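Below: a set of structures, written as structure tokens.
Look for chain A in each of the two complexes below; its partner is chain B in the first and chain C in the second.
So, the complex of A and B:
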């Protein structure tokens, strides 16, 4: 699902179809399968449905959306350093709506998403109006929000979390489709969170692949000046991309709150690094102009599989960090090797 | 391509809606009633929220419990990295590895009940060690923890005494968005309120228990800015305690330091008269007696009051009792174990 830069002049002849081995996504799939096979051989418990596969799917669902949130601004060549705090603010908005107005699940979710989108749009507005680097703007926003989240929770709750969740939210955490049956036919062992993340993946994928807005965001990311001269409203697209990033951060915050069982101030604390890791591992460029939604999902899956596998092997804390770093380095190097090989043979990868 | 996507989406959504409308939820089958195990079958996992000096005694205490109570195995896993999502992952990974009884220090007290619920649903026994869930409910079998509010109150009282009943007090503590920190702040405030205005709480500095460097910097900043106004420092977290003891000694200021726990520098400080007092907790008792209770529960005993909260003890140590404090702590551990036998556990004869 890699989006090529649409500003490149047309080739005289269409390029040869990408061979399978040169497709970065295939490389990631092969790596994913290899890692699963490796960990399953070392620890057969890796395939335990209830204790490994279901929690892992839930984690992948949350962190795929976190990755997409960063991807939305990476498309512009921007960064969102406030992704975790936007998630925390969204979770606060959802919690407040439920706590004070007794809002049902859907309304609480909508409120959280709106909060995320607003914060993202605010960041986008500042960046597009002032021309200050997105890194600086979102980092400053992150600092401000750290304080605000803490103050808000202190004012509106008796501590750091809302007591109680909207009806149905606990089911999102505990249930899988296997718990729901039509007659004797029950669903697969997939957590209820997964389809929500899937919808986000599809929408973001379709947006960057087929929608005019999405393509224009990519063009603005590839070359803002050229995009401006071509009549693309670059400022508006910047605000929209940041709003999308905020909205997805909000969704990730909601999913994590569902997964952990509370709307709390700690939501989003660990989002920043994974938000970059998954898109970059999946082939999204940091300089903008090209994104890979499927790659981001695969990148998330690989990271979570590595983490789960090393956990099952019961590495201690220092070894765990060391090996996660080494495995990721190896994964990125292999991808680079594949890229170089593809270039030598004259196929774009 | 577009029409196919649209058609596909509509068909997909319709299929999901039709399937969902025909579904009913399976009746929950209680999985908690697992058959009793022999001691040799019980594998205990002691899982703190992350790497921290406080939990290091758990390793040896768990090992001693395994020898004394002859159960199957014990492991100590501190890889959760102060992230609730990661801790949940560590717990399910340990469960997949065959561990069936868990002593947990939850990263997020506000949402840890969800984690306990998940584990109990799978039929495992769970003890909440060194920290209880926020709110009124504890969904673990029991909580064996320092009463943090009481310990902070005792520490602040000791500080008030050390400063002669009047003056300015500063409180150094850990993560503000943690409900235990909120309880500690409340405990200190209570002791200050009791002085009727004679003691003023000059400042409460939070978020400095991340590591020793952070705490040392905060203490250096505090002493540089307000060192001459401060009469006593009360610390309710490990790293700030070590940093305050060292910082005040180095600055040669007449500030009374009330520390927490028994880091060698603190005990040496008490012996040398540089630290006025320290409030000890009972990590050994938590891990040792916690493991014992988990084994008993696995063998078929039940809690007389499920979710009961038990204070593992806190002890004020001054120059008067610095040589003998460990006897008090060992005595408390022994009495905790006999309390489990006589009060908290109900076992078939």
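So, the complex of A and C:
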């Protein structure tokens, strides 16, 4: 048992260049390609565009945004246990705007995003004001919102979903760029949801890499006290990171509603597990201070490829869970091993 | 019954001179607030339902369905004591219950063996969680997230979507039996809670566990093995989930693969309302049990007044937030006054 790991402070390591195999993203890409090759050999239908690839891209789009929503607070070392319910509340807001005010697509989306950001900011405000653990606050918020969402749907709709959809939303579900042609040239078979998710990925990536706010959030996550002493408004950054998480949860809720074809109370029910799975597989730590946006996207892609592949091999839904859990454990243990090996190589003998 | 690393429960201070300050200290504890809240809630519910709460049937049902939430809250509490989390408690309860029912019906084992098996299975899975955390050094939240997914699949694998019932007449009789007007399952839960309290307050491994949770570094310097504490806490959590599985088998009479799905969030709600710190080092058996009692009161109120089931979640969420906020305000005030 390596007890020293937890107790002794880490030795300052010389900034040795890590070998190529120690880059976690490359490992993920290799794993992704290996998985795709494996499933294609077992079931050639895996590369069928209509049957597999297009729906899979839509799913990856939705869950990549879900993963980013969690990543936004993992950057602080916080958690957001209410991702699913924030998504449900924003879907409700979008649905209500369309149902009562006849809002067009873009306004409904904006309303939903505002609702998500507001809920996230509320969580961030409570956390930064009271200093209570983010897990507790968002868990309690999740509890409260579970109740609120069903009550709201019960009083504003006939059942658990809004009837109508804004014009253009069903196109998001069914169409790919191949349906839009300029003359003889048609787009690739990519669902219309994908570019929306891509924009989210780019914005979050740029935010954490280049923007002052993003860097300060990471610093606050790495060491809140040092950040505070360096003049970083830690409280404000906490609120902003949680608001971003809520905003992205809202976007994920909208994308899933588009994918499902309805604003319903069930949106976001299954978000919690994937929201952690993707960033953690992608190498984002729970302690804060470091994020990997690209890793999150790769993590999402791997999970969805496994889901789709095992689905094609006719595994039951609950068997899928077993294998996803095992893959997660194996991937994390390997990652740990890689770390240990890389550290050993990095330290000159 | 709050046990912290710094201050052991004070039983010695009963001199008359210390009485007023001791009284004030008692009133200020979060347990006292919870007792007051529980009593007020119970009385209010009794009055508003014209005494229906006190009828034998309602009262027995109230306590019978309190047993499992109490034990599940404690199962989460032991892991919170070392500053970690166990997301697999709920599904593990369901898995143990399904395996025990399978053992009785399909493998033909007698009920006592199946009961022991369920508890052993729980402890073994918990042990596995603990060993994984210690050997891989991965955050317990992530490890148990992964094992939760795995156990979820296994739980379904026992009997698919089917339901097991009529597994043991003796066990079901036990679930319905009463002693001194209280259901036996509730008394068992109380006995288990008392044992957990004894473990943390009076035994060496229990104190070590709290020390590891309070400050791993200090614990290590004092010769406490943090790894052993982590493994022990997870094993104990699994064992308690196994106990909850047995109680579920006894009181419900039929089990299927959805058992335990609705236990994860309440498992956190009870210790958090009960004043257990997520950072570790603090446990409160009484607080956790009282919190489960209060949540149960909300449940019964919903049934009595035929309110939408969803109000319960809303209210429980609001209560947890309220408790957390008032706790934060209280610490701020006491820091200012001192």
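Here is the rule we go by: the second predicted complex is superposed on the first by the 325 of 349 C-alpha atoms of A that agree within 3 Å, B and C clash if a C-alpha of one lies under 4 Å from a C-alpha of the other, contacts with A are read in each partner's own complex, and residues count from 1 in each chain.
Heads up, the rule we're going with is that a contact is a pair of C-beta atoms (placed from the backbone, for glycine too) under 8 Å apart; a residue touches a chain by one contact, two chains touch by 3 or more.
Just so it is clear, the model here is predicted, and its values are computed rather than measured.
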item: First, second, both or neither for A:150, with chain B first and chain C second; value: both
item: Which of chain B and chain C A:329 touches, first, second, both or neither; value: second
item: Chain B versus chain C as contact partner of A:131, first or second or both or neither; value: second
item: Touching partner for A:273 - first (chain B), second (chain C), both, neither; value: second
item: Partner chain in contact with A:49 - chain B first, chain C second, else both or neither; value: neither
item: First, second, both or neither for A:230, with chain B first and chain C second; value: neither
item: Chain B versus chain C as contact partner of A:320, first or second or both or neither; value: both
item: Contacts of A:211 with chain B and chain C, given as first, second, both or neither; value: neither
item: Chain B/chain C common contact set on chain A; value: 150, 316, 320
item: For the chain A and chain C complex, residues of the former touching the latter; value: 1-3, 5-7, 79, 126, 130-133, 135-137, 139-148, 150-151, 154, 273, 276-277, 280, 286-287, 316, 318-326, 328-329, 332-333, 336
item: Residue ranges of chain B in contact with chain A within the complex; value: 2, 5, 19-20, 22-26, 50-51, 75, 77-79, 81, 83-86, 88-90, 92-98, 107-108, 110-111, 113-115, 117-118, 121-122, 134-135, 176-179, 182
item: Complex contacts: residues of chain C adjacent to chain A; value: 85, 132, 134-139, 141-143, 145-157, 216-217, 220, 225-227, 257, 265, 268-269, 272, 278-279, 308, 310-318, 320-321, 324-325, 327-329
item: Sites on chain A touched by chain B in the complex; value: 43, 45-46, 48, 50-52, 55, 59, 62, 149-150, 153, 159-161, 163, 170, 173-175, 178-183, 186-187, 206, 210, 256, 259-262, 264-266, 269-270, 307-308, 311-312, 314-317, 320
